[in-house]
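Down below are the structures I want you to see.
Below, chain A partners chain B and then partners chain C, in two separate complexes.
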Partner chain A sequence: MTITARRWLFGVCGAALFTIFILAVRELPQFGHYRGPYGDVLNRETVYERHVTDVVSAVNFDWRGIDTLGEESILFLSVVGTIVLLRTGDEEVQGKDNEDAGPNADIPLPSDATRVAALGLVGPLVVFGLYIVTHGHLSPGGGFQGGVVLATAPLLVYVAGALKTFKRIANHQFVEIMEALGIGGFLGIGFLGMARGAYLRNALPLGTTGHLFSGGTIFLLNVSTGAAVAAGMLSVMYAFLEHTIEVRLRSKA
Partner chain B sequence: MSILPYVVSGWLFIIGLYGIVTSRNFVHLVMCLAVLQSSTYVLLLSVGYRVGGGPPVFASVPVGTPAVDPLVQALVLTDIVVEATVVALLLSLAIRIHKNTESVEPDKIVELRG
Partner chain C sequence: MPFIQVTILIFVGMTGTAVALTRNPVHQVIGLSFYGIILGLFFFILQAPDVALSQITIGAVVLPLMFMLALGKIRRQAQRKSSTDHPGNARGVQ
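For the complex of A and B:
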């Protein structure tokens, strides 16, 4: 099909779809006039029932924890798929090249200002990421958001031009262990709930509302999710960067 | 007229779909998919919004303060995570396709295979 014909076909179908969509949303409650009961019930009961103050985290890691398990599985499988797809196959040759020439030999180092700013931010970012992960049940945040923040810290090392250090961090066995512990931890904590009758039920003491160690399994699930997300993101970024560097090497050779 | 956020969501969906249909580059196509998917964020968040409602976090305000729907916010979080990982996977597929066929144009790939 030519591109023009395709545009015409889409023009007609898209206009029809948009019209139907507008007709449909006209029947929705007006914007700002939320009616549904579920949100109100959650907002009213969560603090008393689960001793956490962030209702969104409670939905993700307690009321609908099983959905988050599915979400984590998608994340894990995507990470594995990305790594498998980007693997080049002839790693031995490439590894030798890397050691000999240094992949970025012809690329000038970033300016001193960039390096100071990037390296100076690594420490605060790690602390900030840990804070977001561990306070997910108290304030906005949680394992997913904090995990991504944590994964950006090693990336800043790369921005600072310390490629070898970045590789040492990202390729470390620790990252794999963290990924495995994150996913396995989520599954394992789910089994704790079996003692109380259902998978992923909140089975631990709830503690005092507003304290760091409160909310029972929500805190632990946040931490394990944080570990899985941080390790997964880091692995994906490493796979992409590694691939880019190899392509650059090959085009140079 | 208070259905405007829904209209924006529909517009994002259509414009993303248009990009996918007419795309000539896999990377561009993946980005269009991200635009298309962001329409769901707008729709979900606007469905759960309430005039005068605060965030569904009761750390510094008492329970019972008007708040927006936390359920759709949790859904949006799931949505974002899935989108980010799927985009990463699709981009690596694009790299793989480029390596195997020396092209990133969806139409060309079909021609080569045919």
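For the complex of A and C:
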């Protein structure tokens, strides 16, 4: 196709798309005007029916818990896929690589300021992550967000240059167990609901609204999601960094 | 739309355009992280703190981090490849 023909084709298609786009935008509801009945019903009923103060968490982990199970499976599968893709063969780590250790070994140690700031933040970050995970049903946040926060804490250890410590945390069997418990826990808690007639139905005592241990299965599902997300993120980071860490540790030794 | 929403929305558009126009991938990732924070702020202004928190953790932390790690991995493999292609040259390059 010649350049002129292509431009004509683009011109016609572009004009058509623009017209349809303008027509569609004119039909949109006003900015900030919500028209669906579903959200209003949830806002009115959730606090009384589920004893939680964060409606978003109730939607994610109770009313539409099955969607979240799907999301968590997507995350799990992508973690597994990334690790399989990036798996470093033993011969690659130990064999001929010694000769081109140069570029990785040359990376200077982080400055004292970076190390103090990074290591100082690790503790608060772990506490904050646990807080976000466990208070998902009371305030904004939950398993996904808190899990990511938890996973960034070991990354700060890496940023501080403590490679051996990072390796010990990220390569620990505990991470794999946490991942498995997170996914398996979500599936298992779903089966609790079978006792009351449906998979993932909220089958536990709801407790007092506003208390930490309330909301029935919402709290437990948040915690298991947090464990799965934190462990999954950490595994992916380690899969990416494994080779660099090996080379740099060996060149230092 | 209130003034503050318009302001943040314009910032979202500006940072998004800046990310699209950046050519160097590493610089682009830094811009992407910044764009993620601004977008999170926009969600927060629109009274969606839950979504804002997700946006900040995923859009401003995880996504740029994954890009950075992948770029680092690609660069390392390219280095290794070039040193095995020209073994005589490898030491000099390093």
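Simple rule for what comes next: the second predicted complex is superposed on the first by the 206 of 253 C-alpha atoms of A that agree within 3 Å, B and C clash if a C-alpha of one lies under 4 Å from a C-alpha of the other, contacts with A are read in each partner's own complex, and residues count from 1 in each chain.
Going forward, contacts are C-beta pairs under 8 Å (C-beta built on N, C-alpha and C of every residue); 3 or more make two chains touch, one makes a residue touch a chain.
Computed from a prediction, not measured in an experiment: that's the story for all the values here.
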Query raised in the report: If you stack the two complexes on chain A, which partner ends up touching A:T152: first (chain B), second (chain C), both, or neither?
Result: second
Report task. Quick one: classify A:L241 as touching chain B (first), chain C (second), both or neither. Result -> second
Report task. Give one of first, second, both or neither to describe whether A:D67 is in contact with chain B, with chain C, with both, or with none. Result -> first
Report task. State whether A:A117 touches chain B only (first), chain C only (second), both chains, or neither. Result -> neither
Query raised in the report: Does chain B (first) or chain C (second) touch A:G210, or do both, or does neither?
Result: first
Query raised in the report: Which touches a greater number of chain A residues, chain B or chain C?
Result: B
Requested in this report: Kindly classify A:L130 by the partners it touches after superposition: chain B alone (first), chain C alone (second), both, or neither?
Outcome: neither
Query raised in the report: Touch check for A:R7: first (chain B), second (chain C), both, or neither?
Result: first
Query raised in the report: After lining up the shared chain so the two structures overlap, which partner does A:L86 touch, if you call chain B first and chain C second: first, second, both or neither?
Result: both
Query raised in the report: Which chain A residues come up in both lists, the one for chain B and the one for chain C?
Result: 31-32, 54, 56, 86, 140, 142, 144, 236, 240, 243
Query - Contacting residues of chain C [partner chain A, same complex] - result: 1, 46, 49-54, 57-58, 61-62, 65-66, 69-70, 72-73, 76, 79-80, 83-84, 90, 94
Requested in this report: Name, in rising order, each residue of chain A that touches chain C in their complex.
Outcome: 31-32, 54, 56-57, 86, 96-97, 99-100, 102-104, 132, 140-142, 144-145, 148-149, 152, 155, 233, 236-237, 240-241, 243-244
Query raised in the report: Which chain B residues qualify as touching chain A in the complex?
Result: 2-7, 10-11, 13-14, 17-18, 21-22, 46-51, 53, 55-59, 63-64, 67-74, 77-78, 80-82, 85-86, 88-89, 91-93, 95-96
Report summary line: chain A residues touching chain B in their complex are 3, 6-7, 10, 14, 17-18, 21-22, 25-26, 28, 30-34, 36, 38-40, 42-44, 46-48, 53-56, 58-60, 64, 67-68, 71, 74-75, 78-79, 81-82, 85-86, 138-140, 142, 144, 210, 229, 232, 236, 239-240, 243
